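Two complexes follow with chain A in common, the first pairing it with chain B and the second with chain C.
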Partner chain A sequence: MAYTVRRPNLTFWEKLYLPNIVAGLAITFNHLKKMLKGETKVVMQYPEEKWDAQLPEYYRGAPTLVTDEHGRERCVSCQLCEFICPPRAIKITPGSLPTDSKFAKVEKAPQAFDIDMSRCIYCGLCEEVCPEQAIYLRKDYAVTGESRADMVHHKAKLYELGGSMPGLVHKWNPDK
Partner chain B sequence: MSTEVPLLNVQIDGVWLQFPKGTKVIDACQQAGKFIPRYCYHPKLSIPGNCRMCLIEMGMPKMTPDRKPVLGPDGKPEIGWIPRPQISCAQDVAEGMGVRTDSPMVKECRQGVMEFLLINHPLDCPICDQAGECRLQEFSVEYGNAHSRFLERKVKKPKNVELGPRVTLDAERCVLCSRCIRFMKEVANDDVLGFVDRGGFSTIACHPDKTLESNYSLNTVDICPVGALTSTDFRFKMRVWFLKETKSIDVNDGLGCNILIGSREGQIYRITPRENNDVNGNWIPDSHRLNFKYLRAEERLLQPTVEGKQTSWSDAVSAAVTKLKSAGKLALVASARLTNEELYLAKRLATALNVTIQDVLPRTGEPDGILIPADRNPNTSGARLLGATGETPGARLKDILAGVRNGSITGILCLGEDLLDCGFTHDDLAKLKVIVVTSILANPTTAAAHVALPGAGFAEKRGSMINIRGRLQRLNKAVEPLGEARDDWEILTDLLAAAGCVHSLHSIEDVFRAMSQDVPEFAGLNLGKIGDLGLQLLNKPETVTA
Partner chain C sequence: MAVTSQPFEQPDTLTKTQAALQHLAAGNSGASDLLGEKLVLNMGPSHPATHGVLRLVLELDGEVITKATPDVGYLHRGDEKIAENMTYNQFVPYTDRLDYLAPLANNVAYAMAVEKLMGWELPPRGQAIRVICCELARISSHLLGLGAFAMDTGAMTVFLYTFTEREKIYNLCEVISGARFTTSYTRIGGMTRDLQEPFFPMVHKFLDEFIPSLDEVDNLLSRNRIFVDRTKDVGAISKEDAISYGLTGPNLRGSGVDHDLRKKHPYLGYEKYDFDVPIGSAGDCYDRYLCRVEEMRQSVKILRQVLDKLPKGPITVSDPKNLPPAKTEVMTKMEELIHHFILHTEGIKAPPGEVYFAAENPKGELGFYINSKGGGVPHRLKIRAPSFVNLSILPKIVPGHLMSDVVAILGSLDFVMGESDR
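Here is the complex of A and B:
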């Protein structure tokens, strides 16, 4: 339904329009003057200079896979992240652990785990849904590649980025 | 029905309803819309009543001293409630019976049973294949507690045990419902499973001298309500919630078991039985359900070939018809594995090409007395009805072979069979002037063929088949054909058009419509009317084992 927008009641000076431009330019020149005098510094010379040290703990960068303190890959390829992923960036080929493996009790581990970083939207749902605390969004944000294939992070790359995360759940502890 | 089954009045959650005598209380409640959770109860098996999940509160009408029911103010019998819960699976409905499925006592009972069932459960849902279709998960959410009060150490039981060549057991997940034991004893007639040990250590095990190797062993995986029994073939392949389930039928024998094809992104992962009490009940043989991998085999034909060279479809089709027309006297070897639609088109093509003799290859084997009949072709009845063969399938094959050997038959159109299986030798194939063959896989005939056309497998096409009991059933498409392979009905309509026969068959529905006009048995039918469970087309009193 159509409705009427009340126009603001402008004063005479406001109606003149030019004084406001002058006031705006004054602010700009003030900043210019401060910068020339070296009082403010707003430009960082990326990539020589980076903001990485100031990134907060909860920063959502590239998703990665992590291992536990015994070097076991935490992922058991339950494929919940593949299911939840809104842009369908994750593709997992499930596999089983060999029976002579140190972690044979876990039985299952991913054969292949690919995250297509050209699709990933850094939403963090994979981290949230993971029942094994195996996938984390870390602080890597500069994901580049020369082809679409380059933009796919395979399992080895994901573990390289993720590293080890000790002190999480211990559900596969044989005593439990 | 000849004998009238009396209806009994039963009160379920305060509502009076009528059920036929002999109905189980658990089924009556389900029919009334009050689902009762259960683990051990299965309608096709005997009733042990050992899981205790289906507890309900039950009552019988109060009686006066002269055994008349006491009527309440509403004219209905007053119910005297039994103060302790009853299992609803081992209880038939009775006149005036009262059932409460959601009273505080029932809720508390279910909660208690769930808590005990989960005491030793390993909670390994992330790696468990049953996750997503697991009754423990479902009932735990619906009737159980959010937290475990169990602080002691859980009992350890054997994991990853090979019960047989196709079934793997994880005893820690088992709830000891005994469905698998009863199935093997009562349906598969191979009593190999049983409980060993006592109390919390009780587990399922095979008889010491035997393994679970029956051809029906994978049905125990289907009826297992939890993840204790898993299919070794499907184990860790794909999570069930990704699978698209397509209702179709099995094509490995004349019965045509109803199946669900589980596929994801063009890849079939598993086949499970679909309930149809007029055909296969709830079961399917292992040999049939695992026979789908040939669709992705190395020797799959992916591209039409003319004289061994890969070519386009249009060139291959016109080359096939030109060659067949110049071949002289022709014979058609069709397959009783083709659908009715394909056989109907084959017949029209045979007429257009002046084929004088045609037959299908019969396949027989020992019936197993449970589901597998002697006839191992899925559509022998359809082939007979549509004139692809005579009363005895395969009777004319030796005439065709004799004709090839004495030189009176010089061309063969072979649809979906290997001529070597039909008694031909490599010399006979070399003698023929023209061989045109459609096939799914490469075989000696496709190697010798002048034109070889890649067709579609059972999970890649729609169509209908008639089983040995005369039941018309429907195939549905679960995945796309591999490579350049095409639906067989499309190949046949193209061949038909190239042979100079004008037609307007542009979809499988068109083909069925044309067939229903030409064949009186199909009159008034279409693919939609066949339905998921099929319909009885020909009245044949044959039994499964015939």
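Here is the complex of A and C:
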């Protein structure tokens, strides 16, 4: 239930102000002591020290494209991620597989796949909706560029960042 | 488009001087008052004490403020309009950016509003997880509010200590949602993922360490002469004013009004937890500070209770028509794939109607009003932002104070412009 917070009345001693400074300094000195002894560590010397090892598997860093365990690209350019992306960061030009590929009849692949990293808000919706598990948010968080054009990740860059990732289901695989 | 403009009152020096001279000629004394002219001072929009981009147009008579006009809108992004152009789930990331000091709580409030429209209620585990999110967000937001308030009144150290604690909460957010800051954790009807194992030891460790460091902050501030002098009897808001200006959250309770939505209109099963609502007595900056400190202690109490008996089971509602199917199903079954596409492109099948849902957020009552014509996109979505409403009291309480008190008052109101301007 509701209760009224106590408003402390300062004692004469506290009103003198100086004792309180000493008390305050005692607290800060305690912290300093602990810090010097290395018991508490507050500051991380980025970029020499990094937090990367502690990042969970599902950390939402830069979105990337991944290939399956045979090195085949997963994305079939269905454009669902392009549709769902709230800030419209993804731009896909659908294309088809080379005719000599044995999957050419059943699958497509993106001709171009651009993610504008200056628009991306790392929300993870693209990963969530992709029906092919082709797009993943990986652990890269320090995405920098010198111009707007630099900030657009093209298909090659996306695959380079993504690498390969075995999925839940092996598609077109007799032993799935 | 409506244009807001700030009428600037040109000080009419000539008339004033003439009046003063006539006044003197009539044999009166004390003409200096009439000669004095008021100074209009812009505080903000880029001023460290305005916590973002609030602009205050202050009219000063000497050092005393005679009029204060807050000017908001510098951070307007048109969130409400954006919401009309996307499906309900797509808007979740935008709610992170309202009160960006407590994104988890915003996610929850928004998801709850849409779920109310759908008539859904989460299973017990889902509700418990959301309570954890809300209370962690409350601690995080109050810690920043406190630190910034203390820094504004001259106590830099407190800010560093509260930030050390907040950093741990960010680590927890990371484990909960995969992002430290923009969590986007909820989805309509559930959460993106269940709590993972590393979360539990982390949160217990945090709770154990948190109370001692809160006591430390308490020791540094509550009985500190300088802090007390700068906050006691400054910016007092009476009970009646607090209610009539629509204040909510710690600012309302600091004025002695016992109103907490978690108690008055319990949601997420808050009625099951044992906690108290701290209220103030004088309604000044000091009371608002004390309320926040106490609220954090209560949040810790709630968190411990939730964690002690965290129910097992599903975290999402069971409505297969409106929830995306599991990924493995999508990848192997045709019907599921089609359903997946339809659901993500058209959105959930919301019924037509109007709902308003308000949650007790760290800053106050965050409400979402949704007007739906049916379908996956809201016809109109209105966000009742607590910071916006809380700021409306400034013209009432600031006049009569000194310039330096404004900083204390703003700090004690603990607003965030991302939410106010939305």
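As a working rule, the second predicted complex is superposed on the first by the 132 of 176 C-alpha atoms of A that agree within 3 Å, B and C clash if a C-alpha of one lies under 4 Å from a C-alpha of the other, contacts with A are read in each partner's own complex, and residues count from 1 in each chain.
In this section, contacts are C-beta pairs under 8 Å (C-beta built on N, C-alpha and C of every residue); 3 or more make two chains touch, one makes a residue touch a chain.
Keep in mind that this is a model prediction, so the values were computed, not measured.
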item: Partner chain(s) touched by A:Pro131 [first = chain B, second = chain C, both, neither]; value: both
item: Winner by number of chain A residues touched, once chain B and chain C are compared; value: C
item: First, second, both or neither for A:Val76, with chain B first and chain C second; value: first
item: First, second, both or neither for A:Ala53, with chain B first and chain C second; value: neither
item: Partner chain in contact with A:Pro94 - chain B first, chain C second, else both or neither; value: first
item: Touching partner for A:Lys108 - first (chain B), second (chain C), both, neither; value: first
item: Touching partner for A:Ala149 - first (chain B), second (chain C), both, neither; value: neither
item: Those residues of chain A which chain B touches in one complex and chain C touches in the other; value: 78, 80, 83, 131-132, 171, 176
item: Complex contact set, residues of chain B against chain A; value: 123, 125-127, 131, 153-154, 159-160, 235-239, 241-242
item: In the complex, chain A residues that touch chain C; value: 1-8, 10, 14-17, 20, 23-24, 27-28, 31, 42, 54-56, 58-60, 78, 80, 83-84, 86, 121-125, 128-129, 131-133, 137, 167-169, 171, 176
item: Chain C residues touching chain A - in the complex, by the definition given at the top; value: 86, 89-94, 157, 161, 164, 167, 171, 174-175, 177-179, 182, 184, 192-193, 196, 198, 216, 219-220, 222-226, 228, 256, 258, 260, 276-282, 286-287, 290-291, 294, 324, 327-328, 330-332, 337, 340-341, 344-345
item: Residues of chain A defined as touching chain B within the complex; value: 76-80, 83, 94-96, 99, 105-108, 131-132, 171, 175-176
